Structure formats: C-alpha cells, structure tokens
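Listed next: structures, encoded as structure tokens.
What follows is subunit A paired twice: with subunit B in the first complex and subunit C in the second.
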Partner chain A sequence: MTERPNPLLIANTIDEALDAVSRGSTPIAGGTDLVVGARQGNKRLPASLVAIDRVEELQSIGLDSDGSLSIGSGVTHATLMSSTVVVTNYTALADAAALIGSPATRNVGTIGGNVMNGSPAMDTGAPLAVFDAMIQLSTVAGNRQITTSELWVAPGQTSAEPDELCTAIIIAPQPDRSGSAYVRLEYRRSMEIAVVGAAAVVTLGLDGTIAGCRIALTAVAPTIVLVDGLESLIGQAIGEATLATVADLASSQAAPISDLRASEQYRSHSVGVMAKRAVLAAARRATGESISVPVNRSIGVGSDGQRQWEAGAS
Partner chain B sequence: MTSGLTSRNGVRNENYLNLKAVTLEPRPFPRADGPDKVTGTGRYAADMVLPGMAFARFKYAEISHARIVRLDTSKAESLPGVVAVITATDVPDVRYSPGVADRTLFATDAVRFEGEILAAVAATTEALAQAAVDAIEVEYEQLPTVTDVVQAIAPGAPLVHPDWQNYEVSAETEQRPNVASFSSIAHGDAEAGMARAATVVTSRYVADASHASPIEPRAILAQWEGRKLTVWSATQVPFDARAGVCETLDLPTNQVRIIVPHLGGGFGGKCGFHFEAHIAALARAAGRPVKLVFSRKEEFLAPDRRREGMVVELTTGLNADGTIAARTGTLLIDNGAYTADAAFFPQLAAMLAAGPYRIPALKIEASLVYTNHQPSGSVRAPTAPQACWAIESHTDELAATVGMAPVEFRRLNGLRSGDVGPVGQTYGEIGLQACIDSVASRLTGETGTEADEAIGLAVGWWPSFPGPSGAYIKIDSDGAGQIITGAQECGTGAVMTLRQLAADELGMAAEDFELVYQDTGVAPYDTGATGSQTLFNNGRAVLLAASELADQIRQLAADHLEAAPSDIVLSDGHASVAGSPNPAVSVAELAATAAGAELLIAHGSGKPGEYPETVGASCVGDQGVAAWASPQFSCHGVRVRLDSETGVVRVLNVATCHDSGTILNPLGALGQVEGGVLMGIGQALTEGTQYDEDGCQRNPGLLEYKLQTAADAPTITTQFVETTGGQGPHGAKGLAEAPNVATAAAISNALAKLIGSHVTQLPMTPERVWATMTDATPSDADRDATGHDTSEPKSGDEL
Partner chain C sequence: MTIDEQGSESESIGYDLHVNGQTYPVEATLDRNLLGVLRTEIGLTGTKEGCDDCECGACMVLLDGQPVNSCSYLAAQAQGRQITTIEGLGNADQLHPLQECLLAHGGVQCGFCTPGMIISAHALLERNSSPSRDEVGIGLSGNLCRCTGYAKIIDAVLDSASNGSVEPTP
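Right after this comes the complex of A and B.
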C-alpha cells in the first residue's frame, strides 16, 4: 500500500471549478462536512478534490433584475446571518445560518455546502424550502434550476449529477406583509445540530389574518419536508387555536426516527412546538415587529430577553 | 504567616459557631505556564518528535465479551512499513491494578469490553499502522454480556471474571460474585430507627455513565537508550505511570523516566497507569522510538477512567419534628470490566449517600459491580456528583414530606462544628451551615422569579487526601530560584501557586522562581494531579523547603550584616535586621556568595496529615476513606428556567459557597469552582454515555456526547468559608473536586419545583424532563408511593 495525498486542485474561477468537477473532482469549500466526516471515519475523503473557496464569483449576494435574491453557493453562514437583505427579507435563512456550529464553522462553512450535503438536519434547508428557493446546478455545458424537493432525495443524497456544481440559490421576492422565522430544538447554545426544527413564512392580509403560510420541518424525515394542509389557516387570525392547528399538522406529518438525539415520540411532539413558534415569530415579523436573529436567542428558553411565546399570541 | 494570608483574603471570623462566608479579593496571579499556553508556544505530548520514530495503533476488541479463539498477526507483520507487532505473549505475564489485580496489558484468553487491547502495531506512518491493525485476524466465541448492574448481581448471572476469586486483592477488599469490592457503613440500629420513625420515604435514582472529556486526547512517546526508558506521556500522575510501567515490564524505577510536557487537562481521565507500558514495549520491539496519539473516539472508548453509572436506593425515616431518625441505602456502582482504581469507590459513595447530616442510625451498602462496559475510574470527585444528586434530590423529597422548606430542613439536619459524623468522626470547625446561609441569602435575595423559573439548592461534601510528597528549591548565583517538584499541573493552577507559596516564605516575588516539574527523573515523589491533593500535600513540601532555604539565607545575611540569624527578616528580595531596614543585602548578592561556597539548596517533604479513626461504626470492606481527613463542605444553589413545552432547561444563575479551609490562591480557587459548576451542569443536563444492547458506546464523540459550551455558562457567584483545621499549608484543604459535587443536585431540586416531581435519571435530558412532566399527574400511583406531595406545588422562588 502506498500513501499519496489526495490531489487538491484550486479553482480561481467558476469555469475552472466546473472543469475540475467535470473531470471527477469533488468540490470543497469550507470542508465542515467533508473534512469533519473523514476525520471521524464516517466517509473517506474523495480521491480528488477541487477547492472552490477562492472563487469570488460564488461569494456574492445580489438582486437579479426581477427582484429575486441570488446567493452564491460560496457565501458563508457568517455572511448570510449578517447580510442586510437576507436579515430583512429572508429572515428565516439568517436565523438558520446564525445557529450553525460555532463562529469558526460559520466563517468557513457555505450555504452551497449545506444544501448539497443533503442532511435532513441541515439548518438552512427548511428556510430554503419555505421560500421555494431554486437551486442552480451548473456544468461546463450550462445551468439548470431545480426546487429543493427535487434536489433532496434521501439522507445525504441529492439528485445532482456528478458533473454538476451548485453555483447559486435563487429566491423569488416575498409578498408584502410577509415575515419568516426558523426555530430549532437544541440541547445547548453552540456547537449544536438540530434535534428537530421548523421554518415558516407567513404573509398577512390587510386585516391581519393569515393570507399565506408555508412551513418546512427539519430532522423529522429522510429529507426536509414541507407541511401540507395549511390552506385551512387562510383567513384565520394568529391565536392559540391557529397555533394548535399548526402544531398538530406538523407533528402528524413528521415521520422521524429514534436515534441518539431523541426518540420518535419526542421528535414528533417537539417539532409541533417548533412549527408553532416559527409561525408565531414569522407572523410577528410580518407585522413589522423586529425580533432579532436568531429567534432561538431572542425568544424562548435560551433567550436573554423577552421569552414568552404566548405574549405574541394573545 | 497563616494570619497574614487569611487577612489578605478576608477577615476571618474567630467565633467558632458563627462562621461567615466571604467573597475573596483575588490578587494578581502570574501563571508561569500562561504565556506558553495562550500563545501556542507550549509543547504537549502529541507535539513531541524524535528522529526515526514510528507510530503506534492498537487493535481493539470492538466486542464486549468474547473468548479469543484465534489471534493471528502474521499478515500485519508482513506489511511494508510495519516495524513491530506485539501481543500478550510479548510482555511479562502480570495482572495489575491497585485494590483488585484484574487487568493485563493485552487481552489473553478473553475480551471483556469493546476497548480492550489485543495487539499493538508500530509502523513508519500512522496510516500504515492502521492498515496493519486492520490486517490482524481475530476469531471470537461470543460470551453473554453483562450490561446491567442489577442483573449482574442476580443469582446465576454470567461472570465477567470467572477466575475472580483467584485474583490478588488488597486485604481490605470484600469480593462477591460479579462484585469487585463491597463496602458498608453502619452505626446505630437502622431497622429499629426506621420502625420508630413517624414517616418513611423511599427513593430510587439512576445515573448514567459519563466522561472526563479533557480537551487533549492522550499521547505517548517512548524511547529506549540502552536499558533506560524515557516516556513522554499526557498523564496526570507521572509517578503512578512509572510504577505501572515498572510493574508490568518488570523494570526498576531508576531505569524509567516519565516526562509530562504541558498537559491539556485531565479531570481524572488521565489518572492512573494507562498505555505507557504498551508503547514502551512496542518501542523496545521496534528498536526505535514509538509514538501514540489518540483520536477523540479512542479517548472515549479505551481508557479505564469513565465516570461510573450508578443505581441508588435510599430510605429515610423522619421524626415528627423533621429530624432524621434513620437511613438505609443500597448503591450499585458500574465498575465496568476492570477495577482500575475504583476499589475504594463503594466506601466513598456510601459516605456521600449518608450525606453531611446528623443521622443517629445508618446502614449504607455499596457494591462495585462488574459489567462488560468500559472500566470506571477516578473522574473528578468519583461517585460524588451522581450520589449527591440522588441523596440531595431525596432530601428535598424528605423536606416536602414534613412540609419544611428545603433550606430549613438542611439547617435542621445538616452537620455543625463539633458534631459526630457517620463513622464516629468528630468534626472540628466546619462551614456547612455558613455555606447554606451564604447561598440561601444570595438566591432568595434576587427579585421576582417568573412562572417558568425556580430556585433550588443542595449541599455536598468531599474529603481531602493526605499523602507523601516532595520538592527541592535552589537559588543560583544570580539570585534566580528554581522549584523542582514532583507535582503535576493539570490546568488547575495548583503547581503554579507553589511559586507564590515559596515566594511569600522567602520574601521574594513569584516571578523569581521557575518551575521544574512533571519529570520523575529529576524530582522527588508526588501522587500527581489527583484527589485534589497537589497544593494540599506538595504545598506542604514546598513550604518546608522554602523554610529551610530561608534559614540558609538568614545565616548568610547574619554573617553579612553582623547580626543573629534569628533577627534577620526577608522582604522584597532583601535581607535586613528586624526593625532596621537599612542596611539591607539582596538575596541575589547572598546567592552569589553562596555560589562560591555552600550552595543554596533545600528540600521538603513533611509528614502527611493523618486520617481520623473510625469510632463506633462498622465498615465492611474498609478502604480507609470513611473517616475523612480535612473534610470539605459546600452548598450550591441555582436558578433554572424550564421550557415546559420541550423540557429544555437552562441554568441562569448559580450561587456557590465552599469550605475548603484557607484559600491560598483566590483567583485559582474561583476558577476551580466555576469550572466545577459548568461540569456539573453538563452532568445534570446533557452529558451521558448511551450504550447499545451489547454494552458498546453509542455516542463516543463530542457531537453526540454533549459537553456544555461557553455560550451555555450561567452567571456564577462564589464565596468561601475559611474554617480552621485544614491539614494543608496554612490551613488549606483540597479544592479541585469539591465544586463538582452539588451542582447537578441543585438543578434537580429547582427543576422538581417546576414539574412537580424529580427526574429520576441522570442526565436530566430535555426528553427525560418532558417524559417526567407528561407522566407526572397527582393521581400517578408511583409518585404517591414516594410520598411526594404533588397536589400542592411549591412556589418556585422559595428555598
């Protein structure tokens, strides 16, 4: 047996990166999944890697001509959580980015890496799902865009072809009077992975009732899942009854496993609580109320400030 | 000198019965190892490199209980780059471990836990070593696993060690089938006391195993030069490690040198003798230096220093006035597959189950039970956080039964100065009541507890461990000093404080001294960073050496200043005649004189403090730790917040108070208490090892074994009660372990107020809290059986 270091190519442009990927290299940016996984012995490092962390074209957040938000796949969680446009208009995504790992993880880990790793416990997944984000996959031949539910097929598995590189995430503008939030169940306040989580985007009508609501759940199924049956909420005011319905819908649609972090029963129960809280925080943000990012730190048991969820429900 | 120290730290109240806790004013504490550790220039064992060194990997059992049918290393030996492969047949046939000699370096006939070592490989790279390990072939005949302490002692249970009766054990050790050691503490007639009691309360608590989790996984590098062996090791106990190497490889102590570069923490996990002999034997076989560096996973699986799981059953009889009439208890402690240093744990746990209370009739029985789990061993205050959590949760149940506030119940029943303890030991001045007062006043002094918050408290106690220890001090020609000590620094700052002790004695500055330490080849013996003993014992040695050196300096100064040595005072690095600061002569000048004549060298050891006698109590399996030398007392109080929909608990504030005698280094002492509290929060809420059905760990990694992080830390306030009578330097007692006793118990009691009953399994994870809340209804028969009053929930802001 001979030892040789894995070849590491360094791309400076998207074209260089796509070329390397077309020749079988696996892209690496922050390495927070690939390297950590390899060091823990879960999965060996691929035979050939291409570093894409120096590709500046992948690191910008901008608005397209139609008003859509375009996030380069190389944007770090630290950038996402402090980006004005993300915090203002896509707050759930900032909530999620702010909870990932530690400052060190957030400074090198990227949204593209999070999305393509395909873990059902990924924090940015549920926000992207509720925003109906499109994932842009590129090859040397061109680009295509698919939805998150088309992308994620199983734990750690995506529908992307081996020669495709995720280059951007595109999110359409949200309707007026919309707010969003991502809340997760966590056992400690940093270096944590979602036990379960929920993202919600809520749009309020002029009368303050619910005009639109989407909810996605983290770590309760093989992939991030969208909650069905939310049409019944349209026209309802945010209140105890509405939130109880939300919790019931989320809990009943969760299909979690029992593992080291939680049992199936506890996950099913608590994902309902997370969904309810995400909807409440999203609705409060939709009214223009400022709840700072991440929601987990500004409301709830781990918060340093106001913590009564019920206060907003009354 | 004692008065000088205590007056610096705070005004000592001389009234024997009216001790007060004080907040000590930390004075600046220059840590000699600080710059190295903070800037990264410090070197740890894993950083060590020697020319030509090879890399070691171990072949582990990866199965909990099996007979070895065939072990074939031939393929591994033939792989390129492999320089040595060794197994049990390559080392002396020695069965070791203090108390119960049940361990061998390598598995011989059977494996008894997943981390047992079958073979060790050295190769020119780590990857080649691992490839060779993977090429080792083992054929097993699986044996029934023993994974539950209750089932392990049931009649007919499979034996973890079929030959246990033939093992060499210390004279005091009481062995039973699947029980490595048994201890009981009894005085008075517990049965009669229980029969007379007005109320009897029974509780059962179960604690999961947990881990020391030091930041540095261990590393070892061994090198032979002729017959002489040098081992660089990340150990807390270099002399103990040396003894282990000598015993298992049959070498005299003067041929073995253990050096510890900077140590990246230990928390007890690096106490004892571990893998130094494996690597030394491998280096001898390879004919070159060999280095081992553990992965985090190995750090979880292989060492015999896990914090033991425990099942605690307690019954306490109360008189109508709320005083304790009698207590009985049974403790089953999960020993794991081998005994390591745990033979004395049953007796320690029995004392903790008695608790620091006035109990006229007592019978506690504790067994150290063999299972096919990883072995248990000394992790910071072994048995204490779990046993204290059980007994103090039980104590709040007792208080509720008689309608007393928990703090009043403890004031009524808690030990006071002059009381007689569970084994007939009469206490001198002790600070338990002052600790309770201090914590109660700070916790209840806060305004407004929200509906989702509650406060709770618990008391704890822990012994100090007198033992032999030595140090040298010398001052060279330029006046620069060196303290050459056998003591080991594991991050507590205990060794660092030695400089201050010597400096104060010699009228010099701490910075005038460099430390030479963690090297068995140059320093006299010390027990190591274990049992909170470093300052307690080595401080005594350093003080004696400094005192001897001061005499030498006074003699030189007396000649210089033409005065009597007894009239010389040492201050600010100078010697002068008492009452007339001028003329003065500097220590440096005197040292220069000495350098051309009789050198300034001194040594210290001193007689260790004595252990009190056991009086009027029976201690079966007495390991000598029932009557406690320099006992330490503590009280921890917490304010917690509960997310009632998920069971997530957050600790907001912690108030602590400790009687550890004289506090020698307030800043270091505060650090010990705060670290102990944070560790206690982890034990309370998130840290627990989960096992699969075969006894293998399911979460041997820092993602799924959840330590607390800095972001989780609460506000912690600390006071100390400086009692007299500590046997350490200037009246000090130990301190490093005591802060890791009562926190989990206090959290349990605060939480119980919010959910109406105690969570009976540790750690009290969100899911267990949620499950307890879901179960806890006033009609629940189990709750009624414990006598717990759920119909009248107590207000969260009363103690």
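Right after this comes the complex of A and C.
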C-alpha cells in the first residue's frame, strides 16, 4: 500500500513548496480560481495541495541588479495596484490588478495564480505580454524563464511541467518616454471578467511621434495575443488616423468566440475600441501626464468624460 | 470519512481554527470551505451563504484583518490565521458602531447581506478611517445588496467613520 500524499501542506519556504510540488501536490495561494472552479464542478479539487500563501520569499517586488523588476509569484493584486514602482513604470499592470474582482479577491488573489491559471480573459496577461515579461518556473533542480507566449498554450492550459512552480515574473526596464495602460470592456465594475480588453505600451520619440508600440488583447483568442504589424505606426503622431489604424489592426487580429457575455462580432469590434483607448492613455502617460489607476475608472469608459478625452486627442 | 462523486475516499483532516479569539478543533475533509465549517461545525451562523460562487459577498469574513469570501476559501487553509466573523464584531447586547449606524440610516432591509457588508466596511475603516463616498463604494464593491440600493448603506458607513455628520439620503 502506497503512502497517501499529505492532503494539505502549509509551506513556509520556497524549498518546502518546490519539494511538495515535485511530489505531486498542487500549489494554492488565494484559491480564487482553484476553489471556485472546484465548487462550480468545473475541475475537482486536487487530492493533495501545498499552500504557498505564507512563503514570504514569494511576496516581494524588487529591482534586480540590471534594473529589471522582479515580482514574486505570491504578490497579491492589492499589493501590485498600490506598488509605487509598478504604478510609476509598469502602469498597465497596476490598471489591470486594480480591476480584478473585489477588495476580497485582490487581497488573496496573486499574480502567479493569474498567470498560471492561463485564462484568455485574465486581466494581468495583456500587460505582461506588452512588457515582454519573463515567467520564472522553478523545480527542486533549478529555474528557467520563458515568455508569456511560450507559457500560454490554450485556454486554462500552460506549457509548465507538473513539477514546476511559478516563482517570479521578471520585466525588463522600459525605454525613456514610455507609458502604458490597460483598458477593458466590462458590464459591471466589480467581480467582473473582461468582455474584451487591451494593454498598450507606447514609447515616444523626442519629437513626440511614436518610437515604439506594443499591444496585447484580452479575451479574443484561446490565449492572450500580441498584435502584429504595429511597425507602420513608427514615426507617426498620435491622432485620429493612427488610432484608427490601431483599432483596425486589433479588430482584424481578434479571433473571439461567441458566448453569453458577447458575440464574436461585438468582441471583434470592441477590442479595437479598447486598443485605441489603451494606446491613447499609454501615449499620454508617456508624455508624463498623470492618469490615475485604473484607467477604466479615471477616464470612465463610455462616459462623457471618455468622449471629451478622446476628442481632445484628435 | 466521506466518499466523493468519483468513488475515491477523502479522509478528514484535523486542525484548529482561531475564530473571534477562540480556538476550535475541526475535523473535516480538505474540500470543506471556511463558510461551511464556520456555520455547521462551529455553529456561527451570522456569516451567510448567498451565491456560494464568490460573487455576492454575503459570506465575507476577516482573515488576519483582511476581507475574504469564506465560500471560496478552504477552511484548512485558514489554520494559524485569526478569523473574525460578524459575531466577533458585535452582538445584540452591544452593537458595533457600524451596526448602530446601519440601523439609524435604514441601511438594513432583509438583512441577509448585512453581516458581509459590515465585515467589508470594517476592513475599509481599519485601513482608511475617513474614506470618501467613492472609496466606500470601492470598499463595498464585493458585496451585493438587492434591497437597499446601497445609498443608505454607504451613508451609514460614512456616518460611522465621521461620527454623525452625514446627511441621510432621502
């Protein structure tokens, strides 16, 4: 008779967590995906869990020696949205964290959980994709880092091996005169899942034209997707024509499904609108303008404020 | 011992929960949520089951002072942490100031959401003792109320924060 695995180990160190994962335990942090999924009957609760929410080593945000931002996988959304370095330099990620669930969800839900759950509707995914974030996967034997597009392979499915634990997310410094934003279409302001969303990071040249632009889309494909063909924006000024190109590129590269939340056509169209708004907010932040986190609240998607704000750009 | 749907055996595990300053020994299977253990094993029924799907906030409790949806939190994962339920904040003989204010402002109708509302409001006021109306709205954004329309609940929370200078919503 084989020994039963420990149903629940509460880990205090990364080593304890990695050892348990190597023996087949499933990591749990806030449980906002795992437990909710099990209670809805989508996926059974694994027989053996390792709680990683008390591993302090996973809960810090720091700068590496090369200036990269290193976010522990156990950092909660509440911590992310109020971290000065994230809000200042990686604002799109703060925009996204501030939109997740409710205060209760943000207090226990973690960026590592969001990343490893691999939902195409995850809010932190598009910001991480535009920042070219590296996901650090660890085992008892060592670490490897992969890109988000290497990690996310299908809805709810990642390329991580069963014995790997996500321990950190690493983001290189952004060029000077860069700004970023994440905007989503939502039907309510809390406990919402993105109908569609878009993140953008925009770098401006000294003359104020676009020197670099990356856009990623939420909930319009089996995984978060990066928009191709943005090179045509280089050297262009931010204005009605540029934003129309952004919307066209985003909408044409969306491959959404129809479900009870939105039809395929509505998602394809509205993701272009979100991409346009994300680029505009990112470009304004790149000039040094302060737009408070999250953009969805400070601008008010669909409000008069939003329309005036967009009119000001053209 | 229980037999789950797929026929494999799930064994009970034993652990202690610290609720409202008291320690309760618990024997339950790993899949039991904190809400169920609080209500049926420990007998504290002030915490309510609304949606059982992490949407409505009726089940809100404090875990080390932070609001958590207890329907979607494993009871076993709460061991070693301080759990506070509505019973730990006030009772019929000594109401919590938030409870007084909710009564004074008519912020209670059917009352089902009220324990969760008070837990979320308490957590908000602990970290922000003079919130704006918008900040109260965000603090309570994980709690649904189908009776009041929220205005009177928000009035009550603002009143509790400011000690009585809030004009009631007509």
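Going forward, the second predicted complex is superposed on the first by the 298 of 314 C-alpha atoms of A that agree within 3 Å, B and C clash if a C-alpha of one lies under 4 Å from a C-alpha of the other, contacts with A are read in each partner's own complex, and residues count from 1 in each chain.
Simple rule for what comes next: contacts are C-beta pairs under 8 Å (C-beta built on N, C-alpha and C of every residue); 3 or more make two chains touch, one makes a residue touch a chain.
These numbers were taken from a predicted model, which means no experiment stands behind them.
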| item | value |
| --- | --- |
| First, second, both or neither for A:Q40, with subunit B first and subunit C second | both |
| First (subunit B), second (subunit C), both or neither touched by A:L260 | first |
| First (subunit B), second (subunit C), both or neither touched by A:D53 | second |
| Contacts of A:R189 with subunit B and subunit C, given as first, second, both or neither | both |
| Subunit B versus subunit C as contact partner of A:S270, first or second or both or neither | first |
| First, second, both or neither for A:A237, with subunit B first and subunit C second | neither |
| Subunit A residues contacted in one complex by subunit B, in the other by subunit C | 40, 189-191 |
| Residues of subunit C that touch subunit A when the two form their complex | 4, 6, 8, 10-11, 13, 30-31, 33, 52-55, 57, 60, 63, 66-69, 71-74, 76-77, 79-80, 120, 123-124, 138-139, 141-143 |
| Of all residues in subunit B, those that touch subunit A in their complex | 79-80, 125, 127-128, 131, 297, 452, 641-643, 645-646, 648-650, 685-686, 690, 698-699, 701-704, 706-712, 765-767, 770-771 |
| For the subunit A and subunit B complex, residues of the former touching the latter | 1, 3, 40-41, 185-193, 260-263, 266, 269-270, 273, 300-302, 307 |
| Subunit A - residues contacting subunit C, complex | 4, 7-8, 10, 28, 30-32, 35-36, 38-40, 44-45, 47, 49, 51, 53-54, 101-105, 107-108, 189-191 |
